[in-house]
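Before anything else, here is the set of structures, which you'll find just below.
Common to both upcoming complexes is chain A, partnered first by chain B, then by chain C.
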Partner chain A sequence: MKTWWTLFKREFASFFVSPVAYVVLAIFLIITGILFYSNLLWYYQNSFGMFQDPYMIRSMNLTDDLIRPLFANISVILMFMIPALTMRLFAEEKRSGTIELLLSYPVRDSEVILGKFSATLTFFVVILLLTLVFPVFLYAVSEPETGPMITAYLGCFLMGASFIAVGTFASSTTENQIIAALLAFGLNLTFWIVGWISPPGTGTMSTVLQYLSIIEHYDPLTQGILNSKDIIYFLSVTVLFLFLTNRVLLSKKWRG
Partner chain B sequence: MTAGNTRNQNRTTGGILTGTSTLIVIAILVFIQLIAENHNHRFDLTKNKRHSLSDQTLKILENLDDTVQAFSFYRESDPDYETMRDLLIQYSEAGPKFKYVFVDPDSDILTARRYGVTSYSTTVLTCGSRERKVMIPSEKEITNAVLKLTGGDEKKTICFLNLHGELDLESIEARGLNNLKLTLENLNYSVQSLNLLQTKAIPPECSILSVAGPQNDLDPIELDAIRNFLDQGGEGLFLLDPKTVPGLVGLLSDYGLKAGDDLIIDPNGYQNMLQPIVESYPVHEITENFSFGTLFQIARSVNPVDPPPPATTIDVIANTHEDSWAHRNLSESDEIRMEFDPETDTKGPIPIAAVSIKMSDGSGPETRIAVFGDADFVNNNLSQSVGNTALILNTIHWLADEKDLIAIPPKEPISQPMQLSAGQLASAFWIPVVIIPLIILGFGGSRIYHRRKHG
Partner chain C sequence: MIEVEELTKNFGVTTALNRISFRVKKGEILGFLGPNGAGKTTAMRILTGFLTPTSGTARIAGFDIQRQSLQARRKIGYLPESAPIYRDMYVRDYLRFISTIKGMTGPEGKRRIGSVIEDCGLDQVRNRIIGKLSKGYRQRVGLAQALIGDPDILIMDEPTEGLDPKQIIEIRNLIKNLGGNRTVILSTHILPEVSMICERVIILNEGKLIAVDTPENLNRSLTKHSQIMLGVRGPAEQITAVLQSVPGVLKVECRDDFLDSMLSFNVEVSQTEDIRSRLAEKIISNRWELLELRSTSLSLEDIFIKLVTREEEEPSV
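Showing the complex of A and B:
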């Protein structure tokens, strides 16, 4: 535990040594801010139309028409952004040769992996905390539904954790950070679009491909629906890729 | 043994162990997914639980004796695909005997032909040899289709009286009734026009007689036919515009409902004071869980007769706003005064719809009657308002004694239109897009600068 804590602090502090962390935070907020503003503008203009003719225009709902599209957009941005955060985790240490030194210490591989994973996850939580400016604004001007807001953030957190685990794995396989980022992005994208290639109907292949799709499990959370199977899916993806990272590190020992 | 051989052996062993352990972990995770999929717990955290099925539907699904299979002919690009999919998932999770399958109508033409599907976004529900089509992805439509599939074969007929200037069943114009007709047919009612002067009596297949907005009074022969029909347990739906059909109004008084010689004026009316908005519904089976506004256009009051006729129960089901009033002093040449006259007018709330149940001889068939003080509220134009359609359908279900069909009010997202000031709109842009990023960059820049400066 103490080792994990030491590794966590070292890894988390490393985010803020270079300007990268601040630039990532600022860019993420600018992009999501623009998306939020454009969604808000659309919502406001349609609401205005509704005031003109309240009985003939369909209802406008903050969860369905503003929060859900916003979180759908945020998830796409995360697919690109998280590989940029995770690409250096192991690849940099491999390139500089410090990985051998690190693994020669009396620490377990799993502690190293969890230290790096949890530090990146904590940094990701900081990013998410910044986006709380959007719900704060909505609560100030309207009455958004709290339940769907919480599930949307939970979905974002779980999806982020899965992407970070995928990125950690990708980074452990190479010493080239660009390749690590591309591999992580490719894997994330595969999980994203796998449902698109599922054949119509409810055959086994279709069911499996639909189930593997991240959107299948993320979308209900943005609507305020909490399914136990969705939580378990995200946790399973995270555990699987952290385990695979562990196997990759272990393989260095028996490969010599 | 050489060092090279040892290394090779280590690699082989390591490879086998890694491969095996990876397969075991994947197998465990797949097993966990299977359990999670089959024992899913679903929580709907929206305020009005709009992603959950009503208790009524859950009860029906739990009690299904036969398997109901839904074939949903949708493309993923269809606008209602997600809504229908969300609903079908809920149905299948709630009832093990409800199954569904999505069929791509473009690639599986044979299945589409087999079920007579000619348009996208059609769902065919089957139970044994029976089939029903659902065109609208709503809980009400699907549950009603399930009920019709698993229930009896009886199809109730609603006969709409015509030739007195009533709203036209076939017309797709704003004042027509075609939307209502199609909705009723979709709910398994048979709808037909009735020329009472020709038939002299109401045909035996008519379960419900509907008189929707006659402008000319009925012939005494027709009034007698209607009285006979009602006295023999027929059900009647009467939508009566102001200043019309005094003969029919007199007949209905014998059943406890008196359409007033007045005109309802609502200062908070929809587009003008002659379009009262109704938001108050006294407790009744028809308006249970009813949370919609309904919109009327040039309406009269409908009052319970006092004292009520023997063996008759009367209930008002809709009242106008308390700021409205019933303008009584009507004449052909009179220009309507849009101010309340305490001497002649009646202060709101004004009953605009009422129902009565009359028992014949205390033990015979009961007669159910519903009277509305307006016909236009169900026309093609105003029936687009969700509340109007729901109110008339609930009333018809009540008349037809289709209690199961009543208790499923449509669940819509909570309407939250947003009004923003120019300042609020500007802050929604400047704070997240400019100010906070600048603070972050400034803070980060200064920290890095200090660190480099001070080593």
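Showing the complex of A and C:
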């Protein structure tokens, strides 16, 4: 526990000396800001137009027509951005050789992995907290539903955790940061689109592919629907990839 | 303190270590000597837990490196080749990080960091970023890092590699002084370094252990012949002939030394008696100018070549 905390602190501090982290932070905030603004604009233009149409006016609401599309966009951005945060984790230590020293200390491989994972997750949470200005703005000008807002953020956090675990794994397989980022992005994208190839109907194949798909589990959360199976999905992906990272480190010791 | 038995490591088809066995007693300073690719780094990486052996075992202070890896690693301070340390950290933060990770916290950790900073001469650079330090100072930080847990065992891979001569001497002295009653393993390419620091030497070649002995014994047994260098001004052929005729001389090589406008003679002699004065006498009685005379010992390369060829002749060594 103490070892983990020491590793966590070093890893977390190293984000603030890395230009990559600042670039990711800036790009993420700028893009989400633009998206928020454009979604907001779209929402207000349409809702004003819809005053003339008594059928439509009831179907326009902040949750479905602003929060949900905004968080769908955010999830796509995360798919790109999180690999940029995680690519460094193991690849840089391997390239510079510091991993040799790190693993010679009395630390468990799992502590090293959890230290890196949790530090990245914390940095990600910091980024998410900064985006809270958008909901704060919404509360200032309107009355959004609080429930969906909370579950949407929870979904974002859980998906971020899964992407970070995938990225940690990708980084452990190579000493090239670009390959690590590309591999992580490829894996994320695969989880994203895997539902698209599911055959129509409710066969086993279809159920499995639907279950693997990230969107299937993320979308309900952005609508305020909280299901334990979605939470279990994200947690399983996270645990699975952290476990795989552990396997990679172990096999490196055997193969050299 | 360290017991290594039949250690073997294969990387795919290459055998980096081939059934190595040795023991190191408490307080002993052991040197690994061997050409590039001999397996020195591989052996150290296995001892420090970075690699798993293909077969064989090793125990560090009684702890098996595979089954009791954490306990074994607690006993070790390791300085890998070219001191890979976090370049984006400040020296003091880095040392604090290492001391907590090695389980030294609070006032005890503070005291330990202070004494290591003093021992390694890091006082002026404690507030600098590691990546901006000179190579010599980075090496010192590497050494400090290895020493922080106050380990019983120090393992150092080519600690003087790539340093300037002044720094080499400083680091060597540091190692000698800091050794104290620690058990030390270090690897090097430099033979004099081994005789200066180590009490016992292991010579590795292509993954095989080909000799274990004290530096003195190795020198003696390997150098049945010694060499004498003479710098003379005069006619090359006549001088060569005269030198050849001196009893005890085995071989004479002549080289023109353009810089000093003199001839350099490399004379290989048998070690039974000292014939330096007889050689000088011959030169002077012929009225040639004797400018230089010194005995040169065999270089590391010569020793490797001798050992390796001897090994091929008699594989049972």
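Throughout what follows, the second predicted complex is superposed on the first by the 248 of 256 C-alpha atoms of A that agree within 3 Å, B and C clash if a C-alpha of one lies under 4 Å from a C-alpha of the other, contacts with A are read in each partner's own complex, and residues count from 1 in each chain.
As a convention for this text, contacts are C-beta pairs under 8 Å (C-beta built on N, C-alpha and C of every residue); 3 or more make two chains touch, one makes a residue touch a chain.
Since the structure is predicted, the reported quantities are computational estimates derived from the model, not experimental observations.
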| item | value |
| --- | --- |
| Partner chain(s) touched by A:Pro148 [first = chain B, second = chain C, both, neither] | first |
| Of chain B and chain C, the chain that contacts the larger number of chain A residues | B |
| First, second, both or neither for A:Ser110, with chain B first and chain C second | neither |
| Contacts of A:Gly33 with chain B and chain C, given as first, second, both or neither | first |
| Touching partner for A:Leu41 - first (chain B), second (chain C), both, neither | first |
| Contacts of A:Asn176 with chain B and chain C, given as first, second, both or neither | neither |
| Touching partner for A:Thr98 - first (chain B), second (chain C), both, neither | second |
| Touching partner for A:Thr3 - first (chain B), second (chain C), both, neither | second |
| Overlapping contact positions on chain A, where the chain C interface meets the chain B interface | 17-18, 253-256 |
| Touching residues (chain side chain B, partner chain A) in the complex | 7, 10-11, 13-15, 18, 21-22, 25-26, 29, 32-33, 36-37, 39-47, 51, 100-104, 107-108, 270, 293, 295, 384-385, 387, 412-420, 424-425, 427-429, 431-433, 436-438, 440-441, 443-445, 447-448, 451 |
| Contact set on chain A toward chain B in their complex | 16-19, 21-23, 25-27, 29-30, 32-34, 36-37, 40-41, 43-44, 47-48, 50-51, 54-56, 59-64, 130, 133-134, 137, 141-145, 147-148, 150-151, 200-202, 211, 223-229, 232-233, 236, 239-240, 243-244, 247, 250-251, 253-256 |
| Partner chain C, residues of chain A touching it in the complex | 2-3, 6-7, 9-10, 13-14, 17-18, 96-98, 100-101, 103-108, 253-256 |
| Residues of chain C defined as touching chain A within the complex | 9, 11, 16, 42, 45, 48-52, 70-71, 73-74, 76, 78, 80-82, 84-89, 93, 97-98, 100-103, 145 |
